[in-house]
Amino acid sequence: MAIRTPQEYVESLKDDRVVYYLGERVKDVTQHPILRICIDWMAMDYVVENDPRYQDLVTEKNEKGELVPFVFMPQTNAKDLLRLREVVQLWARICFGKPPGAKFVGKDGLNALTVVTPRIDKQFGTNYAEHIEEYRKYLEKTDPTVALGMTDVKGDRSLRPSKQQPHQDYYVRIVDEDSDGIVVRGAKMHISQSPLSNEILVLPCRAMREEDKDYAVAFAVPANAKGITYISSEPEIKEPGNFFDYPLSASIYLDDALIVFDDVFVPNERVFMKKEWPFAGDMAYMFGNFHRLSAETYKAVELELLTGAAALMAEYNGIERAPHIREGLTWLTMYTETVEILGRAACEHCVSEPDSDLVYPDPMYANIAKFFFADNWHQATKYIQDIAGGIVATVPSSKDFFNPETHDMIEKYLGGKDGIPTEHRLRLIKLIKDLTSSYEDVLTLHAEGSLAAQRLSIYTLADFERYKAAAKRAARIKDGTEHPLFSQLPDFPPKI
Amino acid sequence: MAIRTPQEYVESLKDDRVVYYLGERVKDVTQHPILRICIDWMAMDYVVENDPRYQDLVTEKNEKGELVPFVFMPQTNAKDLLRLREVVQLWARICFGKPPGAKFVGKDGLNALTVVTPRIDKQFGTNYAEHIEEYRKYLEKTDPTVALGMTDVKGDRSLRPSKQQPHQDYYVRIVDEDSDGIVVRGAKMHISQSPLSNEILVLPCRAMREEDKDYAVAFAVPANAKGITYISSEPEIKEPGNFFDYPLSASIYLDDALIVFDDVFVPNERVFMKKEWPFAGDMAYMFGNFHRLSAETYKAVELELLTGAAALMAEYNGIERAPHIREGLTWLTMYTETVEILGRAACEHCVSEPDSDLVYPDPMYANIAKFFFADNWHQATKYIQDIAGGIVATVPSSKDFFNPETHDMIEKYLGGKDGIPTEHRLRLIKLIKDLTSSYEDVLTLHAEGSLAAQRLSIYTLADFERYKAAAKRAARIKDGTEHPLFSQLPDFPPKI
Amino acid sequence: MAIRTPQEYVESLKDDRVVYYLGERVKDVTQHPILRICIDWMAMDYVVENDPRYQDLVTEKNEKGELVPFVFMPQTNAKDLLRLREVVQLWARICFGKPPGAKFVGKDGLNALTVVTPRIDKQFGTNYAEHIEEYRKYLEKTDPTVALGMTDVKGDRSLRPSKQQPHQDYYVRIVDEDSDGIVVRGAKMHISQSPLSNEILVLPCRAMREEDKDYAVAFAVPANAKGITYISSEPEIKEPGNFFDYPLSASIYLDDALIVFDDVFVPNERVFMKKEWPFAGDMAYMFGNFHRLSAETYKAVELELLTGAAALMAEYNGIERAPHIREGLTWLTMYTETVEILGRAACEHCVSEPDSDLVYPDPMYANIAKFFFADNWHQATKYIQDIAGGIVATVPSSKDFFNPETHDMIEKYLGGKDGIPTEHRLRLIKLIKDLTSSYEDVLTLHAEGSLAAQRLSIYTLADFERYKAAAKRAARIKDGTEHPLFSQLPDFPPKI
Amino acid sequence: MAIRTPQEYVESLKDDRVVYYLGERVKDVTQHPILRICIDWMAMDYVVENDPRYQDLVTEKNEKGELVPFVFMPQTNAKDLLRLREVVQLWARICFGKPPGAKFVGKDGLNALTVVTPRIDKQFGTNYAEHIEEYRKYLEKTDPTVALGMTDVKGDRSLRPSKQQPHQDYYVRIVDEDSDGIVVRGAKMHISQSPLSNEILVLPCRAMREEDKDYAVAFAVPANAKGITYISSEPEIKEPGNFFDYPLSASIYLDDALIVFDDVFVPNERVFMKKEWPFAGDMAYMFGNFHRLSAETYKAVELELLTGAAALMAEYNGIERAPHIREGLTWLTMYTETVEILGRAACEHCVSEPDSDLVYPDPMYANIAKFFFADNWHQATKYIQDIAGGIVATVPSSKDFFNPETHDMIEKYLGGKDGIPTEHRLRLIKLIKDLTSSYEDVLTLHAEGSLAAQRLSIYTLADFERYKAAAKRAARIKDGTEHPLFSQLPDFPPKI
């Protein structure tokens, strides 16, 4: 099979998967008006794959000459990472800032496993790298959507997986194994698009100690595997199909579901880590490198949209020359462009995995990029809300605008600058409301790990020895330490 | 008639007012499931008035010995303002941070008119102060709900009311007058609770020049006056009665409507300004003094709730000892307590109106208080979202929690710290979602005027002469200017 | 003896104290050109006491009818605290923002001891309150300057006083005692004005555990007591008497010295705590309440000066109407006025000590006030430096301005707005340079405790039970807890 | 002549230039103890040029096979810009964060002229590009130090050069011309290192209108040209040679002097713009592109030093594990690395000048880089001062440390963590004091243009059409506008 069509993807979801939404079991997810929003959005991945204008970018020929998705291939140089970036930005630009979740997170898990499994094999004599390679072939051949199960539900966050918790299943773990495979139990939360995916790829979400070794597990299962239940998140959307009042939330639904694994069997060939606890942290960390960058990549496009909405609103309100508005637009521009350049730099300055032809994004830049966009998001929403005015909170429904009894009043009174149709102004206001929802706030802060997670990475990656050597040299502190960048420099001030 | 009962208030709304909501004319607002949320919230005002525990605080006896609402009485000293503060904070504490809108904004308009109309009368020989006094008596006697129409729809914000705008009705104006009264046209937007009010009090929203004098108008009309149409704002609420998933948004709906005045007649005795343009700014400014303080007053109570939600969430997640969480809670506490003290100070250090027994809140402190809470709000939501985690965006519906098929899974996996029922954790997550909505963001920024409005007030009020005198003395700049606080101080350094 | 004259104070310093400055023993501090700057500044306290215009404010009659300094008297109500505030602000206004250090810190130590010693006496049966009372009488009679030794040198900050440190003297401790008194050893650092004081009052700087009990010690000694050595800090000043180039740093020198106690004997009647370790924290904390307020009190006056310098500079440069400059001035005004009101509120809402007629400043507001001014200081310097321009870094010396060869060039080219003498502009630039020194930065951050110290106090003082009760009520969490403010409120929404 | 030696540079300064310092004419700048600090620092440029380890980097062979400074050559691709970056970072790393000013600013002026003069020639038929080329040959041959006169003294900043100002010389202008050249009058301020340079290159500092055309002038003159007077800025330094107490300020003195041009003659071949007013703005702007990048380039190295000082101080104080300290160090790391990557990106993504083989740094990134480091500097100093503690303000002089009478006390009491010599801790404290001076604050904010200047550039460069197209597409606003990036995208949501 070559790349799939959107229709094939939709059909593939009729597989008796166990999905709950707002208190009810959904028999056929493809017929559900809300879940269908998520499906249609994910299907854009296949629309793009089948669009001749984009095939050179988003697909590659495999050895058999079949078109396969580029994003399932291993990354071996900066050019690959930059192309990946281009793919994600195309996806995002088409879908109003949010790349369809078909393979968006799954590819990052695949990349992390590709880098880390050889490390495990080397130390433990396992053969996970082969498993991954087989799995990759399977993905290339079948072109499925792949969700990524990362975040465990955690229970009491101050306690470790194996200890003291009210029960032992707050992190996904191996509860049984035999010669054919393992049995896993637990739950992963806010797993975007999982109820509408074909494959579920699961990684550990943190470093583990020896006593936690049952929790050091990575694997893949089909989405309809026996024992899996999905409980969908409640979406922002209020009314499917109403793209006037809900331009984003009626177009995009991430369905960040809770996945419960109730003693699910995983065959050996889909197991990528089994109790090799020293590498659990590596996996979580390597996934972070790829995924923080992916997030930053689409965020730069989403910010283009946000900044555009602010600029347009300023214009529609006739305040585009007011100094504090210009300051806001300038700030938003800097924010947008800095996010773009930080992520691009993480690709351009990628790191080579030793004894391997693989690369991964520069971890320092990938983490800074994520931190930077998340840390400044609330300031950005403040600027755009400041520019847009109170009407974002108090705007009437488009139903009132289209009601002939009230249309003329709204047309007359909610207009802005001369020449701008009131309808355009109303549509833009609705867009801004959707862009600055609490959902967006939380997604921006927490997806790909909290601010604290990036802080920890950055602290760990910091080259303090270099920094301290600079300080010691300037302060004339001679304590016997040496640093290659500083130890051979000429004296300063000079003797002349 | 003495104070009204909640039932009387509800009945009073069956008066053929013209209200639209989501594209339909609402025949009887009291029977509408969504508008009823706003009505019930407003009715709390009457519940409190009729509760013997609170009557000493919220009511006064008039000269006839009838109980009348305290908030309709003029403010003559700091004690009055502090009592007003206590009333608002009681209201807010009962209603989850949002004081019922029955008289909440109306009283601020009444107070502003009480201070400013004598100034107009003095200069123009008018008798508006009598009109206000009569109106006050009427309000005391009938105990109605009073909405306040302040914000004009404005059109192109860079243009003045009378000039260049695409049409002349972007600000409410007098289009006709005769010996009995005036006829007004225009629209006011985001007028909270107006479709569910009994009285509409209208003030100009900005300073006017002579060419704008038709726009210098203040008046009161009954809510069902001929020619008035209300178009309700679209609420946050998704499901009336579902207090689990929407603890705030199913309890409180502000209905910040658009009011259209289509040539509405106002009898002379309800006109409080008619083309006396030099005082339009005074009115807007004085309303700002009272209303920014009112907002700050309830905000301190709302922040108590926000900070409490953060503290509770930290506890439920088991992270209350994590340093960055403690830092967040400390910041939220400072924010909460600073807002409280800034507003209290505006009352304690109130300003006396010359030749009058009236006072008004200290404008500098009232403006700083408003600016401070609005300017820091997005930081506060960032802290609470950071503490609460991604689950705020991805939590399933309570319907899944109460569905027997999924209940046990959610019970097991979405629990937090040992001993905390999962239900409590879920309820708290829903509260945080409601607390950090885009609606709350925009309301906090823009209600009572944008940040730019407070900045302008503060700049205007700043005692730069005192500040500059201090700098000149320290820099030994002698330029012939004198300032009483500095000109007589002993020399420094001394000669000893 | 009644209040002293400035001359008497100067003479009192000729007492063979052991003071080092820039590597040399200073024989007579009154003759030292740099130390004299500090002396003259401190002498302003006596100038003011002897100025009839201020005597009603700064002095009181004792029972013998003698004038005694008001600041040495106990504080028994809000009025006292507000008067204290007025005294400090007068001092600060005279001395370019920095109150003379004669009694400024000492009074806060005295107040803290006055509140805490009765608590110790009550639990331990000691008689420290009598000691303090006697000491107070002594101070009233002799009108000395009193420095306050608070901060220990600490060594490794991560270790407790009594344990693991490289030596045992990193905190001041009792090394011996007999029936007449105790012997103390250790050092206190950055003790402002101590080398030019008459009395040294010493308090513990932190809570102690039982094993640290030798470090739980408070006492007073004369500044020239045997065994005391002062090592002066290096001042900012470059040239005494050059008030043009150094308007602040040539007028004020805090001399934050290191005091070394090399086995100093303290007679019993001057000991105020001797190993009663459970109260060491109380003392440090109560001193913090008084002293953070004192700091905030003068800071409000210093900010008046800073904001004035910014406003004047904007004017001199002709940019006072530029929007971003106005924004800066508005921010500085808010900063200045918020600091003022936060401190005033700490007095107005003071706390009564149980079983006592004493009061102390509201700890929450005092801490918030300190935190607020320190946390925002760097932003304030950024604003003023932004307004002032690069010339603050590159301005030539006044010596060039007064050199006839270069005067005309500077006069011509470094002028600003028409009508402003170049000399005035230069003087102002120099003032801004002094105001934004690294010294000011660090003083603002660290004097009265670091930001972390205030954060800890605020966290400890936060009324989380109230906050959490508000959140539980809104989220409908019923867990059996009750809170008086919330448990009796009417139901919301109501049933009507 | 090939590259010069440090000695040759020093000798070259004995040329009767007219330099004033602290009120006195300096006869021989090479003998002046303070100016000599600046000279020695600048001489490091020649030390490096003559060091075989660095010659491959900092020099190139010209057509005659002579070594010439690389920084005087034109930039034709990203590699050139990255090499320039490497040169600046080497200089900065040697000199404690501040690249010696020998050619540091001059090269940016040269680069700007190289790009802009062909534009002028093309429009006006002039031959300035040839002048520049000749000048470049001269510079390559003689290897002088070149200062750059950019900032005019400006007078009233709200007025244009030619109008209303108290006099007409607030901006440098042409006052006379003949067939041999022009005569210029005016002054440039904060011109770093100019009194110790060989060449002075002058550019206009802003866009000009036709009425300002006499002010549209660019030229080069020898530093000792008749009519030039330098008035040195007052340095931070207190004591030459004392590297313990003043590790930076005794090593580096920028001497940001005022240069007065009192009718200075410039021969035609050194004139690079003469009244071609439409290009004045281009020059200022192009200089900004190069110089903001240069500044960012060394700043990344200076921040390495700042962050290192913070990390080392945390360690010396034993608080390196305290959470708020780690947060500070993490923030400083992000700040340092983000500045590095932003500047590097401006080189990697450089812009090609049309019809030319020249490139210049990406203006958006160069401006963001400058804004980012300047805007965050005060926060950085706050973090390091917070980490370092109050001792930065109160530390005694090294003279007390080396005085045998007090050495042991200081040794004992001002130690930190066990194993760290007190001397090292003291040296580090002094370094931090120097790093966080008011001078550094102002330099960071204002050198290369104020924050407002970068804001304006960024606003002007922002691709608002792209941003707005994104918003319109998401909001379904169809107004007939098209944008290539968006107009051809597939529909979203798709029809499947």
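Which chain is which? They are A, B, C and D, in the order written, and residues in each are numbered from 1.
Criterion: a residue touches a chain if its C-beta (ideal position, glycine included) is under 8 Å from a C-beta of that chain, and two chains touch if they have at least 3 such contacts.
As the structure is a prediction and not an experimental result, all values here were calculated from the model.
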item: Chain C and chain A - chains in contact with each; value: B, D
item: Most remote chain, CA-based centroid, reference being chain D; value: B
item: Comparison of A-D and B-D (more C-beta pairs in contact); value: A-D
item: Distance between the centres, which are taken as Cα means, of chain D and chain A, whole angstrom; value: 40
item: Whole-Å gap separating chain B and chain D, where each centre is the average of the chain's CA atoms; value: 50
item: Overlap residues in chain C, where contacts from two or more other chains coincide; value: 324, 327
item: Touch-based graph of the chains, sorted into line, ring, star, complete or other; value: complete
item: Interfacial residue positions of chain B with respect to chain A in the complex; value: 20-25, 151, 153, 155-159, 165-167, 169-170, 186-187, 189-190, 229, 231-234, 238, 245, 256-258, 260, 262, 317-319, 321-322, 324, 377-379, 381-382, 385-386, 388-397, 399-400, 402-403, 405-406, 409-410, 412-418, 433, 436-439, 441-443, 445-447, 450-452
item: List of chain D residues in touch with chain B within their complex; value: 323-324, 327
item: Chain B partner contacts - residues on chain C that touch it in the complex; value: 6-7, 10, 37, 40-41, 43-44, 47-48, 51, 53, 93-97, 243-244, 247-248, 251, 301, 304-309, 311-312, 315, 326-327, 329-330, 333-334, 336-338, 341-342, 344-345, 348-349, 364-365, 368, 371-372, 421, 424, 427-428, 430-431, 455, 458-459, 462, 464, 466-477, 479, 485-486, 488-490, 492-494, 496
